[in-house]
Each structure stands twice: as structure tokens, then as C-alpha cells.
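Two complexes come next, and they have one chain in common, subunit A, joined by subunit B in the first and subunit C in the second.
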Partner chain A sequence: MPDTGIEVRDLHKEFPVRDRGLFGPRTTKTAVNGLDLDIPAGRITGLLGLNGAGKTTTIKILATLLRPTSGTVRVDDLDSVADARAVRRRINLIAGGERMVYTRMTGRENLWYFGQLYDVPKRELRARIDELLSLVGLTQAADTMVERYSRGMTQRLAIARGLINDPAYLLLDEPTLGLDAPIARDLRRVVARLAAEGTGVLLTSHYLAEVEELCAHVYVIADGRHLAAGSPAELKTATGSLGTVRVTVPQVPPAVAEVATRFGATRTPADGGGEILTLRSPDHMAGPLAAAIVGAGGAITALEIKEASLEDAILALTDGTVPGPVVLA
Partner chain B sequence: MIDATRSAARVFAAESLKQHRRLFGQPLVVFSMLVWPILQLATTYYTLRPVATASDAAAHWPLAADPHRLLAFLATGTLAYAFFFSLVQSAWHFSFERTTGTLELLFLSPAGRLTLMIANGAGALLQNAWLLTCFTTAALLGFGTLSVASWWMYGVVVLALLIPAVAWGAFLNSLLVFSRDSAFLYTVLDEPLWFVSGVRLPHFALPTVVQVVGAVFPLTGSLIAVRGALLEGDTLGALAPTLGWLTLLSALLLAAAAVILRVGEAHAQRTGRLRLA
Partner chain C sequence: MATATAWRTGRATTLRTWHMTRRAYPWTYAVGTVLPAALTIALGYLGFHAIGGGETGADFAKGSGTSAYLAYLAVGATAFQFTVRLILWSAKALITEQRQGTLGALLIAPATRLPYLLGFTAFAVLSSIAEFLTLGVVIGALGISIPVASAPGAVAGALALIVAVFALSVGLGGLMIAAGEAHISQNTVFIVLGLLCGYTFPRDYLPGYVRWLAEAFPTTAAMDVLHGTLTGGHTLTDLAPRLAISLLLSAAYLVLGVRTLPYFERRAVERTY
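What follows is the complex of A and B.
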């Protein structure tokens, strides 16, 4: 079967809602409104947006748990509605912060149970279970009942469960939510390795540094609509997100004040005396600003550089500061 | 076909383990599996015994005059009831999977939905009923009340209990995919199931309306077949109408389960209610 990726075209999802009790009037709530997405094999694709943007609904449609109201989802050329069973063999979903496993079974038994449901070949299943338990750091606790696991251990088991069928496409909905930093870091490494080996990954996360680190391509949505798409760098450039340079100086003689005015830096008093000159700019202006201050006879006691962040770009897009849609390469 | 059968067998194995772990978490499980049914049997026996030995009762229901045969009648009733009610309990537990989120994971997998429902019920049945089955068999042998036409009628008895019970379990499980409320199962199916199916009383002693209502519950037919084969020495020919009705009823229950699952899953995919959290 060709790895043509996941293709989402003009996706709409409306939920029926009954406003008041059992006999209240029926209305509909639009969760996804005309989305187009491409999630190719071997790439980590980000799906970003504020709460209620439609990310989880979109992921559940891709996972076949929800049916689109209109539009199509094709997974390696298979229709997610008509060929749902074949699609389910090729995908899996990991939702962070959730512990959807059976507490009265051991970790190993849980993985065996889901391996049976996915019909993973018997000779592969045993090795895969060992590999996954090792991957999520549960080898020592493999034969312990899950009801005796800590919250983090249970969550790690849920991650292993999502990999049991060696999915061609992995849907990650806030996968590191609530995980300890070392485990979250290990999971990011695993995801990067899976993508390098050819797995197509769709990632939603509130940790934008994580998205920036992992995703080659990002979609930004709001109210179920497409706002922007591109690499994190392209999004930052397109939204004009600004980096920040903060220079602390012990004194501001007139020549240094003139430099601050020329560069457009703001002046604020620093704790312990002196002033902080803050410059927000899309370019890396730390060097020229520092050189100009020293050239004007000033001294520098501290220099802090903060590059433009994806968070700034997302906020600019979702605040409406930058009119969407912004479609990049 | 071979692949489908193999996949189904793997789902059955998985569900059997899950049910085993769920049911055998602590030694107290023996109470629900054996002690509780025996207490029910004893209560029923000592409630019925004074009435059954009255002269008029024996004239209408000769079996009641013999304490061993009465006990055997009630023991078979308790056994068959345990088969069917264990599936009510299993379906009730299955409904918890909606709130824990694991139901969503089952539907995320490619496993056949009807296979899952049948396997879930069958797994619970095997775990729940084996101990009581052993006890009842030993008791019937001990009473000396067994009257079986031929050895293979034991096989007929097993099938007359197992197949309708599993179909019943799959039907109940499918209802809970569609509906989020499971408490109604206990209300509707505990005492009424005892009463309308003739667990404690012979079917003929029940009012006609109750007999008609009871006929739609597979437990009724299973009881008639089990008691006929084990206590009355009925042959396969004599039980053919009952077994035919049970087969039809089981097929209808499985067909209904398949339809409800299809409609229920489509409904859940439309509304997003496969999970309650």
C-alpha cells in the first residue's frame, strides 16, 4: 500500500446539542469548519490552536472515533469512513494526561490485550511488548498490577499501548501533558525517531517549545478554521514575531541615550541601579546595539537575548493581530 | 475466513484474560460465584418446601412432593439463572468502560465489534459459571435425581445454556454502547428474570400473560430444555420445539446486537458520546 499520507480535505464537524434538558431545542455546534491538512509519512506535523479550536475533534475524526459531517479523510488512499477497519490498523492515538488502561491487569497483560485486538502477529507481539516496556521505562514493573502504578507510570503505559500496532500514522494529543521532564524528553526522542523511520505523526501540544523542537510543519487553527500553515520559522517570520534584546547599563550618559533613541529601545530602571534598554526586533540586533553603546562610551553589565518564539506567532495569529489565513510553503 | 476466525479467537482470548482479572481480584469472589447462589437456592427451597408438600400442590405438581427432585428442580433453575444474570452483571461492568475511556480504545482498534461483545460476554460467563456448574452437577449426581435419555444429551444441555446466554450477553453489551445508563439493567432484569422465566416455579404454574412475557427471555427456553433433558429424560425429539425456539431467539438476539452496534457506533461517531469523562 502506498504511503501517501493522511489527506484531509474540506473537513467539517458539527455536533448536535440539546440546550435545555431532554426536551430542549436541538441546535448544532460547529467544531471543525473546512480544514485541509496533509500529514505525510516520515514527518512530524503540528496542529496548534487555543482551547476549543477543534484540535481534539480533528484528531478523533482522523482516528475514526468521530465521523465527519462533510469532507474527506484519506489514509494512504483509504477512506476513513468506508474503509475504517483498514484505517484503524494503520493508525493509533495517544492522548496525554489520560490513563486508559485496565487497572486489574499488569502492564504486560495490558499490552498483550491490545496486541490481540490489533491482531499483531504472535511471534512479534512478545518482542514488541518487551521493547515498548523498556521504551517507557516500565520493564521492572511489567508484571505488577496497574492499580499499583503511580499516575506517571500509568500514563507511560498508555503511551506504550498507542505504539503496540507499530502504527504507520501516530496521532498525539498533548502526549507529554503531566509527564515528568525526563520522561517527556524521552518521549520526544521516541517520536523523533519514529518519524525518522517513516512514521507520519500529528502532534498537538500546549508546550510550544516541544512543537518547535519536533515539528517540520505546523497548522494553526481557531474556531475549527485554518489560520496558518508553515514551518515554525516561517510562521514566526510571517507573523512578524519579534525577538527581544535587553541590555543593562550602569549609567545612561547623553551619548548612550541617543543610541537608545536611534535603535528604538525602551528605557526602564534596573533593580540595583542603572537602566535596562529593551529592544524588540525581528533581526538579531544584540551585536549592533551592544557595539553602539560601547562606542558611545557606555558600559554593559548584562546582556540578555530572547529569540522570537512560536508562542508569539500563535498568539499573534489567534488574537487576530495578523489577519489569516497565512499559507506558507 | 481463516484469518477472521483466528482474529476472533484472539479477541476471545484477550477478553477471557480481562474478565478473569476483573473477577478474580480477591478471594471474596467465591461469595458471588458460589456462596450467594447456594444461599438463594436454600432460601427458595425452604420457602417453597412447606407449600410444596401440601396435598393439593403435589396433585398439580408431583415433582414437588419429592424433596430431592424439588431441590434438583431449583438447583437447575439457580444454575441457569446464574448463567444469564452473570451476563447482566458483565454488561453492567462493561458500561464502566465508557467512563474509564477504555470503550473508546476498543472502538479505536480494528477488532470486530460484535466479536468484542460476544467475547466479553462469553469471557464473563466462563469465569462466573464454572464453579456453580461443578457444584450443581455434583449435587444432581448426589441427589440421584438425574434422568438423562442418552449421554450426549449433556452436550445438548451445555449448548442450550451457553449459546442463548452468550447471545443474551452480546445483546445487553450492545445496548450499553448505545445507552449511557446501565442501572436499568438491574432493575429490569434481576427479580423479573427470576419470576417470568420460571426459575423458582414451573412454567405452567405462572399466569398466561407472564408465560407470554417469559417466552421472549432465552432463560425460559434454556430452563425448559435443561430440566427436560436432566430431570425428565426428554429426548432430542421431545425438546426439538424448545431448542428450535432457542435457536431462533439466539439468532434474533445476535442480529439485534449487530444492528444496535452498527447504529450505536454511528450515533456515537456523530455525537462524540463514546466516552463520558
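What follows is the complex of A and C.
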């Protein structure tokens, strides 16, 4: 079967909604509105947007949990509606907010059960279970009932469950939600390794640093619509996301105040006396600003530079500062 | 290939349910679950002797084909207890998955739903053996003997009842997850089946139009076969038409349930989007 990736074309999803009670007028809510996505094998693709943007609905459609109202989803050229069972063999979903494992079974029993549901060959299943338990650091707790697991352990088991069928495409919906930092870091390493080995990954996460670290390509959506696409660096550049320079000065003589005005810096009182001049700019303005302050006879007690982040880019896109859609690649 | 996959799914589900139930409930749970049936039989015993003077009315004998009221009651109460257990396991399987947060993981797996539900049914049948044995002790202690007019017929009737309840459970399970509700629907079904299908009293006591309604359920004909071949003095051949009706109705319910289940599953997911 060709690894053509997941191709989403003109995807729409509407949900029926009753406005008032059981017998109120029935309307529809549009959750996804004309999305096009490409999730190739061997790449981690991000799907970002604010709450209610349509990310989880999109992932549920890709996972065959929901049917699109219109549009198509093809996984390695298989239609996700007509060939749903074949698609399910090639994908898996890990959702951070849902348990997805049985608490009155051990970790090993859970993986065995899902191995049966995915029809993993018997001769491979035992070895794969051991491998996955090791991968998520649960070898020692393999035969402990899940109800005795911590939240992080349960989440790690859910991740192992999502890998039981060795999926060609992995859908990750907030996979590190509730995980301790070291475990989240280990998961990121696992995801990066899977992608390097050829697995296509779609990742949604509110931890944008995670997305920035992992994703080669990011889609930004709002109200179910496509806003932008590109690499994290391209998105930051295209949205003109602003870096921040904060200069702490012990006092602000008129010449320094004039410099602040000229550069468009804001002035706020500093905790230990003096003032903080804050400048948000897409360019690297720390040097010129500092030089101007010193040139105007001012002194500098602290200088802080913060690079533009993906978060700034997403906020710029979703709050309408930058008109979309911005398609970079 | 598909059969082997289905077998793996069904067998794994039976084993999984066995492990989870054994850990969740003590063995006394199986004894506790027979109490409603034991109480029905005991109250029937008291009423039969204290109020009826140990005599069966002619109308009962005419409707049921036997004057052995307590034997009829014991068979019916046991069968109804089994019906309740089977519905609680099979029909509630999916909504239980939904409540414990595992429905999504189940639905995205390529395994089909029918063997999964059959796995629950197999578990329910196996676990009912302990309940039957316990009920047998109660029935024996009350001195009630169950005549067996036709052993093959009784086996066929019991199997038809299992098939009938399973067929009803598939569609009911779909309705439960779509509505996100189990208690009202399951208890409504228990009441309807218990009143209409001739478990513990002959349907002749019901108004005519209700008797027609009872014929819409495959459990009614299955109970006719079970009662008839145990206490009614009939052979399997006598009741072959009723057996056929039960199986045909079960097939119809099963097809309807299997066809509509994917729709109900999607509704369940949409309800929580």
C-alpha cells in the first residue's frame, strides 16, 4: 500500500444543536469549515488553535470516530468512511484528556487486550508488549492493576496502547496533558523517534514550546477554518511576531525619555527604583535601543531580550492582528 | 481470516470481563444476584400455599398447559433472572465503556462490534451457571421439582432465549449510548419483557391487544418453547413453529441492531464533542 499520507480535503463537520431543552428549535454548529491538511509519513505535523477551534473534532474525524459532514479524508489512499476498518489498522489515537485503558486490568493485560482487538499477530504480540512497556517506563509496573497507577503512569500506558498496532499514522491530542516534565520530555523523544522511523504524526498541544520543538509543519485553525500553515519559523516571520527588549534604567532624564518615545518603548516603574523601558519589535532592536540610551547620557542596570515565540505568532493569527489565511508552504 | 479475528475479539472480551469482574466483585456477588429470583419463587410459594391452598386454577392450567404452578414459576423466574443478567452485561457493555472513558479506544480499533458483544454474552452465560446452581438449591429446598417433558426441546428453548435476549441487547445497547442513559431504558425493557413475554404467568391473563404486542419480542416464543418442553408436556416437534418464530424475530432484531449500532456510536461521540 502506498504511503501517500493522510490527505484532508475541504473537510466540514456540523453538529446538530438544540437551543432550548429537548424540544427546542434545532440548529447546527459548524465545528470544522473547509479544512485542507496533509500529514505525510515521517513528519510531525502540528494542528494549533485556541479552544473551540475544531482541533479535537478534526482529530476525531481522522481517527474515524466521527464522520465528516462533507469533504474527504484519505489515509494512504483509503477513504476513512468507506474503508474505515482498513484505515483503523493504519492509525491510532492518543488523547491526553481521556483514559482509554481499563483500570481493573494490569498494564500488560490492557496491552494484550488491545493487541487482540487490533489483531496483532500472536507471535509478535508478547514481544511488542514488552517493548512498549519498556518504552514508556512501565516494565516494573506491568503486572500492577492500573487503578493503582498514578495519573502519569496511566497516561504512559495509554501511549503504549496507542502504539500497540505499530500505526503508520499517530494522532496525538494533547498527549502530554498532566504528565510530569521528565515523562513529557521522554514522550517527545519517542514521538520524534517514531517520526524519524517513518510514522506520520499529527500533534495538537497547548504546550506551544512542545509543538515548536517537534513539528516540522504547523497548521493554525480558528472557528474550524484554516488560518495559516508553515514551519514554526515561517509562521513567526510571516506574522511579524514581536520579540521583546526590556531595559532597566536607574533614572529617566529628558534625553532618555525622548529616546523611549522615539523607539516607541513603554515605561513602567521598576521594583527596585528606576524604570523599565519595554520595546516589542520584530527586529533585533536591543543594540540600537541600548546604544541610544547610553548616547543620551542614560545608564543601564539590566537588559533582557526575549525572542519571538510561536505563541506570539498563534496569538497574532487568532486575535486577527494578522489577517489570514497565511499559507507559507 | 475474518472469523479468526472475530474469535480473538470475542474470546479476549470474555477473558477481560472475567478478570475485571472477579477483581471488582467478591464471589458472593453471584449469590446476591439470584436473590430477586429466589424472592419471586419464595413469594409465589407462600401465595400458592397460603392463599391458593395449594390448588391451581383451571384458567392457569389452560393458559400454561400445566397445573404445576410452582414449577412453572421456578422456570420463569430463573429464565427472567437470566434475561436480566444478559441484558445488563450485553446491552450495557458500550455505555459502561463510555462511562469509564474507554469507548473511544474501543471504537477506533478495527475489531467489529458483534464478536465483542458476543464475548460479553459468553461471559454472562458462563457466570450464570453459579447463579443457576444457587437458584437450584433454593428451588430444591422449597420442594419444587421441575418436570422435563423434552430435554432436547428445553435445550433448544434455552438457546433460543439466549439468542433472543442477545438480539434485543444489541439494539438496546445502541440506544443507551446514543441517549447516554441506561437506567430508564434497561428497567423499561425489564418491565415490558417481564409483563408481556410469559415468564412467570401465562399470557392469557393479558388483554388481547397486549398479547399481540408480546409477539413482537423473540423472547415470548422462546419462553413458550422453554415452558412447553419443561412443564407443558410438549416435544420439540410440537413447538418447532414457535422456535422458528423466535429465531426469525431474533435475526430481524439482530440485523436491525447491527445496522444501527454504528450510527448510535457516532451519535454517542458527537454528544460529547
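Just so it is clear, the second predicted complex is superposed on the first by the 298 of 329 C-alpha atoms of A that agree within 3 Å, B and C clash if a C-alpha of one lies under 4 Å from a C-alpha of the other, contacts with A are read in each partner's own complex, and residues count from 1 in each chain.
To be clear about the criterion, a contact is a pair of C-beta atoms (placed from the backbone, for glycine too) under 8 Å apart; a residue touches a chain by one contact, two chains touch by 3 or more.
Here the structure is a predicted model, which means the values were calculated and not measured.
Novice: Give one word, clash or fit, describing how subunit B and subunit C relate on subunit A after superposing.
Specialist: Here the two partners, once superposed via subunit A, clash with each other.
Novice: Please work out whether A:A192 is in contact with subunit B alone, subunit C alone, both, or neither, and reply first, second, both or neither.
Specialist: Neither partner.
Novice: Touching A:L315, do we find subunit B (first), subunit C (second), both, or neither?
Specialist: A:L315 sits against neither subunit B nor subunit C.
Novice: Where on subunit A do subunit B and subunit C both make contact?
Specialist: 15-16, 57, 60, 63-67, 85-86, 88-89, 92-93, 98, 100-102, 104-105, 109, 112-114, 116-119, 161
Novice: Would you pull the subunit C residues touching subunit A in the complex into a rising list?
Specialist: 5, 8-9, 11-13, 16, 19-20, 23-24, 100-102, 104-112, 116, 266, 269-270, 273
Novice: Under the stated contact criterion, what part of subunit B meets subunit A in this complex?
Specialist: Residue positions touching the partner: 6-7, 10-11, 13-14, 17-18, 21-22, 25, 100-102, 104-111, 116, 266, 269-272, 274.
Novice: Given the complex with subunit C, which residues does subunit A contribute to the contact?
Specialist: Against subunit C, subunit A makes touches at 15-16, 31, 56-57, 60, 63-67, 85-86, 88-89, 91-93, 95, 98-105, 109, 112-114, 116-119, 145, 161.
Novice: In the complex, go through subunit A and note every residue touching subunit B.
Specialist: By the definition above, subunit A touches subunit B via 15-16, 57, 60, 63-67, 85-86, 88-89, 92-93, 98, 100-102, 104-105, 109, 112-114, 116-119, 161.
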